[in-house]
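Note that the chains are named A, B, C and D in the order they appear, and that numbering of residues resets to 1 at the start of each chain.
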Amino acid sequence: MKAMRLEENFGLENIRRVDLPEPEPGPGEALIEIQAVAINPRDRIMMLGGYGRMGGRPPLVPLCDGAGRVAALGPGVEGVAVGDFVCPAYSTTWSHGPPDAEAHRGAHGGPLDGTMRARMTVPARAVLKAPPHLTPAEAASLPCAGVTAWSAVVEQAQVKPGQTVLLQGTGAVSLFALQFAKLAGARTILISSSDEKLERARPLGADHVINYRTDPDWHKTAREITEGVGLDHVVDLGGAETLEKSISAVRSSGSVSLIGVLGGASPALNLGKVVTRNIRLQGVTVGGRDMAARMMAAIAAAGLRPPLHAERFAFEALPQALAALPEGRHFGKVVCDDF
Amino acid sequence: MKAMRLEENFGLENIRRVDLPEPEPGPGEALIEIQAVAINPRDRIMMLGGYGRMGGRPPLVPLCDGAGRVAALGPGVEGVAVGDFVCPAYSTTWSHGPPDAEAHRGAHGGPLDGTMRARMTVPARAVLKAPPHLTPAEAASLPCAGVTAWSAVVEQAQVKPGQTVLLQGTGAVSLFALQFAKLAGARTILISSSDEKLERARPLGADHVINYRTDPDWHKTAREITEGVGLDHVVDLGGAETLEKSISAVRSSGSVSLIGVLGGASPALNLGKVVTRNIRLQGVTVGGRDMAARMMAAIAAAGLRPPLHAERFAFEALPQALAALPEGRHFGKVVCDDF
Amino acid sequence: MKAMRLEENFGLENIRRVDLPEPEPGPGEALIEIQAVAINPRDRIMMLGGYGRMGGRPPLVPLCDGAGRVAALGPGVEGVAVGDFVCPAYSTTWSHGPPDAEAHRGAHGGPLDGTMRARMTVPARAVLKAPPHLTPAEAASLPCAGVTAWSAVVEQAQVKPGQTVLLQGTGAVSLFALQFAKLAGARTILISSSDEKLERARPLGADHVINYRTDPDWHKTAREITEGVGLDHVVDLGGAETLEKSISAVRSSGSVSLIGVLGGASPALNLGKVVTRNIRLQGVTVGGRDMAARMMAAIAAAGLRPPLHAERFAFEALPQALAALPEGRHFGKVVCDDF
Amino acid sequence: MKAMRLEENFGLENIRRVDLPEPEPGPGEALIEIQAVAINPRDRIMMLGGYGRMGGRPPLVPLCDGAGRVAALGPGVEGVAVGDFVCPAYSTTWSHGPPDAEAHRGAHGGPLDGTMRARMTVPARAVLKAPPHLTPAEAASLPCAGVTAWSAVVEQAQVKPGQTVLLQGTGAVSLFALQFAKLAGARTILISSSDEKLERARPLGADHVINYRTDPDWHKTAREITEGVGLDHVVDLGGAETLEKSISAVRSSGSVSLIGVLGGASPALNLGKVVTRNIRLQGVTVGGRDMAARMMAAIAAAGLRPPLHAERFAFEALPQALAALPEGRHFGKVVCDDF
């Protein structure tokens, strides 16, 4: 069975195509035939050894995101059937609740082997039903970035009709958050440095767009859209580059989701503003199986389609795909569905 | 200044066209030029004396719902300007929070004089900005039925993307609840005894429709739509006629909004089911000024349009409009915008 | 190994002392040496066949409540050690969240064999650490009635400092709810038909007591304690006998926990009051493993001690203990710790 | 009527005893005979001109905290009676909800004249009933620091039985937060640089105490108290000096109240930890009238007594009292009740 695998040492140059023994589902396990995978910044950091003791070690099959069909079941499986269109959950040891140490111990693509192989076995309790209207590539894009955005917008900030929400950039988490905020009835504002990407984001639900390159006072422009009241919520993905302005943009008792550290992981915090205006800052990572299942059900019911990057990478081009990620030229999820 | 007014005694036959002195706005008050009014079941009960000591007494100008333009301001008014398109709030003494005794003491259309007159003065704190994309008749339909539905769906049940919500009938509260549930990202099921009305409700956001006349087991049909899991939420408007089935239709830990008593006000409650399945029953009436303002902002941001009954009644035909209400032949709010 | 067991048919007369093979812990299981058990109304109904298909069938070892020491571990157990002072969770298949069909499938004392035996094996994930300051009999009293009261007061009603809470009767759920409401900072009112029991409940945290036999207008007396505002919360245990008064006793937007059906399971519901005053009715049963663990931790941190009925029943006197339960002469949990 | 007042310019040296005309209550106002006042860091900053345009300007009667008796009522007042034991609310323009610009416009002691005078008029809607078991000095200590702590612990963090909460220092907000956390059923940990103050805090409800001077790894010690799980909540008052350790001390999905900036207002924020562990940071200031009323009711029901600094300052010694505040030698609120 073909797979891509990190061999011997960390580093993208050590990812190689290998042949592995055919996996067989044990008690309580499902065998999934992988049809597509998607790539997250996390996967690149993992391959570079950036997570230290929390990450996996070579040999390691990369990637946590994938989608496919259930090909066989081990004994004692309930709730999953052969032929089901599914995704492996991000982690096999995170059913619900906050991310404790145990939650990451069973994460696919590090510490556990990931989705970058023809077939894999997954405990049935960590198998998610994928929305049936999606292609394998679209479904593969959901478990990591989608659940992160869902947690921020729907379960933590609990965005409601009539609220105004600002999203930063056109990375996968931001675009998912845009779609979920719109689905939840909010008015949305998207900022990006690219007019072209902003235009492409409009049909996904961006009511207002701001180019932060040409309008560095985007936080003031955003406040004006709310007639000076301030935003209900900002999904902050820029870290040190954006936090100060995100805090300035929200209303009194508004909230900011802290997700990204793209612009630096140690911003100075303007305590005076946060205190006097009762602002809430909420750290958000990916979520457990139950939360992922709620997101999958919502996407299925609403018929949402996640945007995918136009260029598709071949199975063996995984190192190139991982290397391309930080360049930021993509719009939509980078996937590989040429299995 | 023309007005319709209940004279001497309760009873629709005692509503008469009268000429009243021109009102002048006192300190903190706005003068509103009324352009349209809408009729609620509450108004009919009020005219019949059904609220006893809690209601108003003749002489009484009827109706709590209206919309128009601010024509003048008394001294010391902030936040409202001449020319603003507005609605009087349901009550002048209910700013926020639950409905205490004080909350209803300032209700328009009983105990206080209502909207059925050419001009009225309202304390500025009880003036709501109406969504600018609406006609006066559409805006007039919002304060009572709209806020009741908003409270049930958005603020009490906190309906979220991916949830399934069932609405009962095509009365104004049910249709507003349908629109808000859809706006909040839910999958919706509408039941009615009329196939024709069900078809008219589809474009308002009804994903599934059930005729409860031809399918009296609508609660089972609704459960099937959720693959047997049960609904997240039911907006119950039938009281004794529907409560048992509403409770059967929701999932474990689901909830039911109790709003209507159309089918009887003293249903038998199946405690066994409510207890063992942790079901929540939430009584809901209209809400205070702050909640109404949140609803108005959401309708404005989303561009929602409330449906209006096709037939419009003339100013002097108010008694006929009130009498027509219980016949249930209307679809959408019954309004009078011929001022 | 000794056990009491329901043999052949339902009925307390069919419970007999038997000798069972020594259990051995399988993979992921702990062997618990039972030191005390406690009796719930549920257990009596189970022995009488009252739960139909949802319950267990003979032969069946009764009772869901017990406490003891971990005597041995099967392979692969983490988080539990030999010698730990523990209780089996109510169910082996209910980890968190609402009570779905699956949740009750693994309930001890029906459908699964229960605690009324010298030793039992339990999956490690369903083993609860008992508060170390308690005796085995006290710890055994917690999993069913304690978690029910905890769910009602702490997790559903979220009782806060300064609120006023009314509890009904001196059954186990009511006394636990009294202790939890007091622990959460509330002012408490306890009603009972016995002055003697009311006096015994004072040291458990009853700030006010009302004998509902001599004061049938207890709901009005309770409102007076709040200067006419109404209670924040009532834990209703009387069902048809109390619900109408419970609803009258709470404030606008107050809430009532529905738990008990002692006075009848099909009360008439006064919809008018529930609707106009925005009252919330919340059905409550026992909870899952995670909730039970939170309760155990709170009891340990606060040093709470649950009251036990003075009379202790011998191991073989289980049928007599079950028969005595409905007589209601006890104060505090009925336990058997003579193992 | 005697008063202390800031004359001409900012600076403690410009506070002087003056004689002012007797105030008379206008429509909707109550006249309060002040019996005691309490001092907050806010008052000192105000007298030094530290709030710029947001603060008051001389001439200005200082202080927001006071307590006394209602001496007379203007026309149209409901809900307040002559002789009532009361406190003026922090602000006359903040009834409920988050602190918008309007909320601070009516704050006593700047921009509006404060409590440091024999008698003052206050709109009846901004008059709080004081807990009857308290002395005037104790009651005077509540509106500003008490409400801040209440907001943090009870309304924002919603501390529950069984949770573990850490408080920083023995300033007024920290000691109130300690009492409220204990009242809400939590296990409490107090840190301070003074063993003597820690011992004095034990009877107020400190279950564990840590001297952060001798144990700079107090965050690790605190985690050990929770057996490595981490705290549910930290009330952070040290700002730049403590935030990093506060974040390290809480559990996954735990929360930190941001209130104080004593150790610096621009700490570096460890985004990595906040994000991966889903930590919530919540800015907290004082609250509106409704929140203050809820706190007053809870203190009355529970019989809590706030600690007061042993040394009492005379009416004319206000500048000395304000100057003494930053020295931090006090334990409990600094009050002046020699009126």
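The definition used in the following text is that a residue touches a chain if its C-beta (ideal position, glycine included) is under 8 Å from a C-beta of that chain, and two chains touch if they have at least 3 such contacts.
Note that the structure is a prediction, hence the values are computed from the model and not measured.
J.: Which chains contact both subunit B and subunit C?
T.: Common neighbours, subunit B/subunit C: A, D.
J.: Could you let me know which interface, A-D or B-D, is made of more C-beta pairs in contact?
T.: Of the two interfaces, B-D and A-D, more C-beta pairs touch across A-D.
J.: So, what's the distance in Å between the C-alpha centres of subunit D and subunit A?
T.: From the centre of subunit A to the centre of subunit D is 42 Å.
J.: Touching at least two other chains at once: which residues of subunit B meet that condition?
T.: Subunit B, residues with two or more chain partners: 97.
J.: Can you list the residues on subunit C that touch subunit D in the complex?
T.: Touch list, subunit C to subunit D: 154, 158, 160-162, 164, 180, 183-187, 207, 294-295, 297-299, 301-302.
J.: Which subunit A residues qualify as touching subunit D in the complex?
T.: 97-100, 239-240, 243, 251-253, 258-261, 265-285
J.: Which residues of subunit C touch subunit A in their complex?
T.: Touch residues, subunit C against subunit A: 95-97, 290.
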